[in-house]
Amino acid sequence: MKAAVLKSFGTPLAIEDVPAPVLGTGEVIVDIVSTRVISYTNEVLSGERQYALDLPVVPGAGGVGRVRAIGPDATKLAVGDWVLCGPTVRSRDDAIAPDIHLQGVSARGEGGMRLQKYFHDGSFAEQIRVPTENVTRLGQISATEADQWCALGNMLVPYGGFLAAKLQPGETVLVSGATGNFGSAAVAVALAMGAACVVAPGRNETMLAELVRRYGERVRPVKLTGNEADDCARMKRAAPGPIDCVFDIMPPSVATTVVRAAIMTVRPYGRVVLMGGVNMQGGAGLELPYNWIMRECITIHGVWMYPPDAAVRLIALVRAGLLRLDHYETKAFDLDHANEAVAYAAANAGPFSMTMIRP
Amino acid sequence: MKAAVLKSFGTPLAIEDVPAPVLGTGEVIVDIVSTRVISYTNEVLSGERQYALDLPVVPGAGGVGRVRAIGPDATKLAVGDWVLCGPTVRSRDDAIAPDIHLQGVSARGEGGMRLQKYFHDGSFAEQIRVPTENVTRLGQISATEADQWCALGNMLVPYGGFLAAKLQPGETVLVSGATGNFGSAAVAVALAMGAACVVAPGRNETMLAELVRRYGERVRPVKLTGNEADDCARMKRAAPGPIDCVFDIMPPSVATTVVRAAIMTVRPYGRVVLMGGVNMQGGAGLELPYNWIMRECITIHGVWMYPPDAAVRLIALVRAGLLRLDHYETKAFDLDHANEAVAYAAANAGPFSMTMIRP
Amino acid sequence: MKAAVLKSFGTPLAIEDVPAPVLGTGEVIVDIVSTRVISYTNEVLSGERQYALDLPVVPGAGGVGRVRAIGPDATKLAVGDWVLCGPTVRSRDDAIAPDIHLQGVSARGEGGMRLQKYFHDGSFAEQIRVPTENVTRLGQISATEADQWCALGNMLVPYGGFLAAKLQPGETVLVSGATGNFGSAAVAVALAMGAACVVAPGRNETMLAELVRRYGERVRPVKLTGNEADDCARMKRAAPGPIDCVFDIMPPSVATTVVRAAIMTVRPYGRVVLMGGVNMQGGAGLELPYNWIMRECITIHGVWMYPPDAAVRLIALVRAGLLRLDHYETKAFDLDHANEAVAYAAANAGPFSMTMIRP
Amino acid sequence: MKAAVLKSFGTPLAIEDVPAPVLGTGEVIVDIVSTRVISYTNEVLSGERQYALDLPVVPGAGGVGRVRAIGPDATKLAVGDWVLCGPTVRSRDDAIAPDIHLQGVSARGEGGMRLQKYFHDGSFAEQIRVPTENVTRLGQISATEADQWCALGNMLVPYGGFLAAKLQPGETVLVSGATGNFGSAAVAVALAMGAACVVAPGRNETMLAELVRRYGERVRPVKLTGNEADDCARMKRAAPGPIDCVFDIMPPSVATTVVRAAIMTVRPYGRVVLMGGVNMQGGAGLELPYNWIMRECITIHGVWMYPPDAAVRLIALVRAGLLRLDHYETKAFDLDHANEAVAYAAANAGPFSMTMIRP
């Protein structure tokens, strides 16, 4: 089959013929119809992000496609089903603290690298082999809709965080990083989950206005100044009442003081979710007053990705019209132009833009 | 490899050489050292229980052994590890409502039968192939201890129920069916989980006394009379305070009125767990006053088996000395005497007896 | 102050002057602006429902008004605040299983009657004294909006049930009793909580069509036939997928077989909520197959009313525009016409009608 | 009645006659039989801790006594009942984020101070008036046992933390601050809740040995060196497996780097509880790597005190013999010697010592 292969960090993807995956008894093989190119894929491929990848590798974080072959551990899937493939591979021999490998992207620790040996290649290819539990049926869609359904890959990430924080309909959320790609998805997901109000801080006023235009008056924009104390106060004021849940998904470049300004807007007994890339390459850690955490009874959830049962309900929210996928402007490339797709994604990292590869 | 094979219901197990299992990519192969023969295995093999089994089949519900081969979805298991194999096979393509097959025992519905096609054979054999998530490490044990560790197979069942009911240390539990095999295990597990008191009703006074002798004063025996209203009142009186959780694990032969007497001892806002075989072959259903359930805010949990993460913590409770395995008198047979083992198990169905096959 | 007083069951309410409530240190006194007359109030006042009420009594289940006086156990309430008063009085000396008294309506057991002694009178009066925790701030409203906000009294009941069942956005719900007063509120609340689909069974096709007209395509009406097996199958077919949660709020007159048809539509691992009045005056209990509950891992929640923290979030859902109060056609009476109000409420028991008393 | 009164910070308690409390409708009056003097009471009375107290005040954090008078919001309490009084007063008009006042000790924010106005005086007196929900029945005890039951005041604090972290039987816990007064109580409580193993780090080897001597082999002592990286590694090694839950209850004097060494021993997906006094008087905050919290999916719970339902179950654990109170050596003073009691408590701050005032 045809695939885009990274042979060494910093070189272009080689578009070439590679052996098609062979089905094992714990997996599903999917014909990829569309896969989203994450905006920072260029940083992964250049080696700048220092992600743990065993080369050569086919990159690509999940996608949308049709089931080609099914193992004996599936009872409801059928060949031809339209499915979403998630990239989060978890080891099956530790139900409590599984190792994690993000197929086609990165892995956590030695255990994650062991998983990567077998679930090695990502979705920039005609086919992908994924663990059975990573596949979720979409129901009937048309091939042209496949691009838009890839947006679930964006939305499932914040959904995982809000599930960890047990977000309730009627609550008030603050999304730190709201004008980013995942952050704007967090705004949409929080609203779809019934948040009464989403405070959206950012520096880019045009983008803040755009969030309000698209999602309506439940979004409360806040222009940040860069002064920690001022920003904290402004964000609090923007909310009509106490902020129940703060969600942070800032990129690696952001200082922890910016994150702290957002965190400390949360009300007593509130919950904080950390899903960003901050400190990924070191730098000063996140410093918080111990006494504040204790006296105010704050809970902080570090969350990486989302649980296996998340996709079913998010798909249902889309089907019900509660979560819209048509906010994304998509630009599709074929596999032969995978390098162009990566460059395009980097140049169009905004919140409502999605770059696709259609193998 | 050698195995005990059921060729048709009502015939003896044939002890013969069968092909050894071949490892797939989602499984583990275990050399079985000891497997417990459930007391009613004779009723399964005779066809009396009408369990869904695709013949010929190697029966046997999990067991204890050593890892022989490991798939690529495991990162912590090593060849040679002592492990517990659980029989509960769940389909991997539905995280919310998976199909279930009890390997070597039975299956639920069409989906369960599809799982049975691949995870077909049970543990009355030298080797077994199980899904990776069904294997839990025991740590170092000696071969002679393998029999006792099989008792976990008994204990995990009520543990699954108490987890569903979120049993808290310091609570009062009533075990309906306490003098049975699984019921007495429920008493032990509830105590190990920190139950302040376990009310143990039954008709067999000798056995009730035995429960108190073994587990101490936190067990409160109640002699049942067969009169529903009287029995309900007696059980309530036996508890030092309100009963927080009622756990029922009565066998198929018991009438639902007996179960109801136990259920209705639970306090307002209390939880009821149903794990028995009642109504398995039809008969009058469980009739409860709707208004009582509503006004008293009762929660009823139907529970089949236990979740994937249960074994790790139960093993830790044993290692910590909080749950003892030495209450069981074990009688072991080799594979050649599997039929004798089944007969022996049926004749020794009491609470502190365990019949083993050691392949 | 003026109040409507029930002196003996079966006699008209006497509109007369009674002593105004005196503030204690654990309460709030509220000037009632509007209170909803529950449709079956006539059955309570006639004695037909045999509700536990110590006569003479001022009936009336909570309402909307302004804070007149505040005890020392409140820190955020201010005199003049618009508030919702809930009727569910819970004893404060048992955090685990509190006694319950529905102020102005009924009480559960001896403990409930003890609470009724002090929190004796309901809301058909110019003032009411309620426990501090029963008051929730509404924010600014106008006096003319007070009628509509009373609809929260209807909506909080099913909300309590869905909270118990941990309803998730994206799930599918079946509301048994959807064409009734509380049942239609359950449909609205489930949708506001993000249910992807609400199956609404009933016999009244006009009303079913009305539910769809008001709440849109996410509501799936089902015409019931009265045949249990048929109805169960029809309800399942009406859902686009498995039914995650069945909510029942049938009135006392309905047979338990009707309830069972609804309950048994729930998917494996599904949740059932029972909040209706079924069996209130005896009759055959709810009979369910034990084996089905167990094998399918069903959870059944009996729920009476709603927890103390429910109102805050439901009010936020209204403020956010996610839950609309304008579906109700309200008809208001003054206190002098309280008996007319009770009669009118009985004659207009439909789902989108609300009868008010404005003292 | 007689009471010990603090008139200004830094002066001795005045033992004098003050008006007895008058019962309101939301409270209970208790005749105090014994009250524990927290070891740092001297720092509160001197003003060193800068606790928010409206002077003059009767200090004292809850205690054990007999019910003298009961409000109408209680249905199970009776005059003469032996009870535990908890100090945590919560405002009743905010179910989601109540204000908190620790009666006789301190208050949080303006709202807490408003509560303090009414629930003003603590337990160094013959009588105390507390909110009804702050009283829990102990069952029958003798007056001489009252001292020991006061130990619950110590134990409820860590119990509140373990409840927040949903500690499960069979888990491994690390108690940071294990050789302190609350820390050693945390060790006892974790064991009573079924922890398989409690890692107990500290600098005082004698005290570590004492913990093992009293609580047995499930306690794993670790001698700390003061080197953060070394200490973290030592603590991990002391556990037989991954550490599921880290509980910190370090005093204000301890540096956040010491806390961090403990926190970072927790396994992926583990939970951290912060209940100490660290940063109470400022100093460098707790700095943690954001990326570690996120990638390892860590949850951090700040917890102040314990929920209203905690005491019932902890009392049941004592009654069941699962939590022993006889580890404490008690030294009792009468009210006339309250100042001596405070000095004695400060001089005997060790883990198994308790200083009492018996009014």
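To keep things simple, chains are lettered A, B, C and D as they appear, and every chain counts its residues starting from 1.
FYI, a contact is a pair of C-beta atoms (placed from the backbone, for glycine too) under 8 Å apart; a residue touches a chain by one contact, two chains touch by 3 or more.
Treat the numbers as computed from the prediction; the structure is a model and nothing was measured.
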Shared interface partners, meaning chains that touch subunit A and subunit B: C, D
Mean-CA-position distance for subunit D and subunit C (Å): 40
Sequence positions of subunit D contacting 2 or more other chains: 96, 312
Contact graph of the chains (line, ring, star, complete, other): complete
Contacting residues of subunit C [partner subunit D, same complex]: 24-28, 71-77, 91-96, 99, 110-112, 114-115, 117-119, 131-133, 135, 307-309, 312
Footprint of subunit C on subunit B - complex, ascending: 96-97, 108, 164, 242, 256, 259, 267-270, 274-280, 284-304
Sites on subunit B touched by subunit D in the complex: 168-172, 192-197, 218, 240-241, 312-317, 319-322
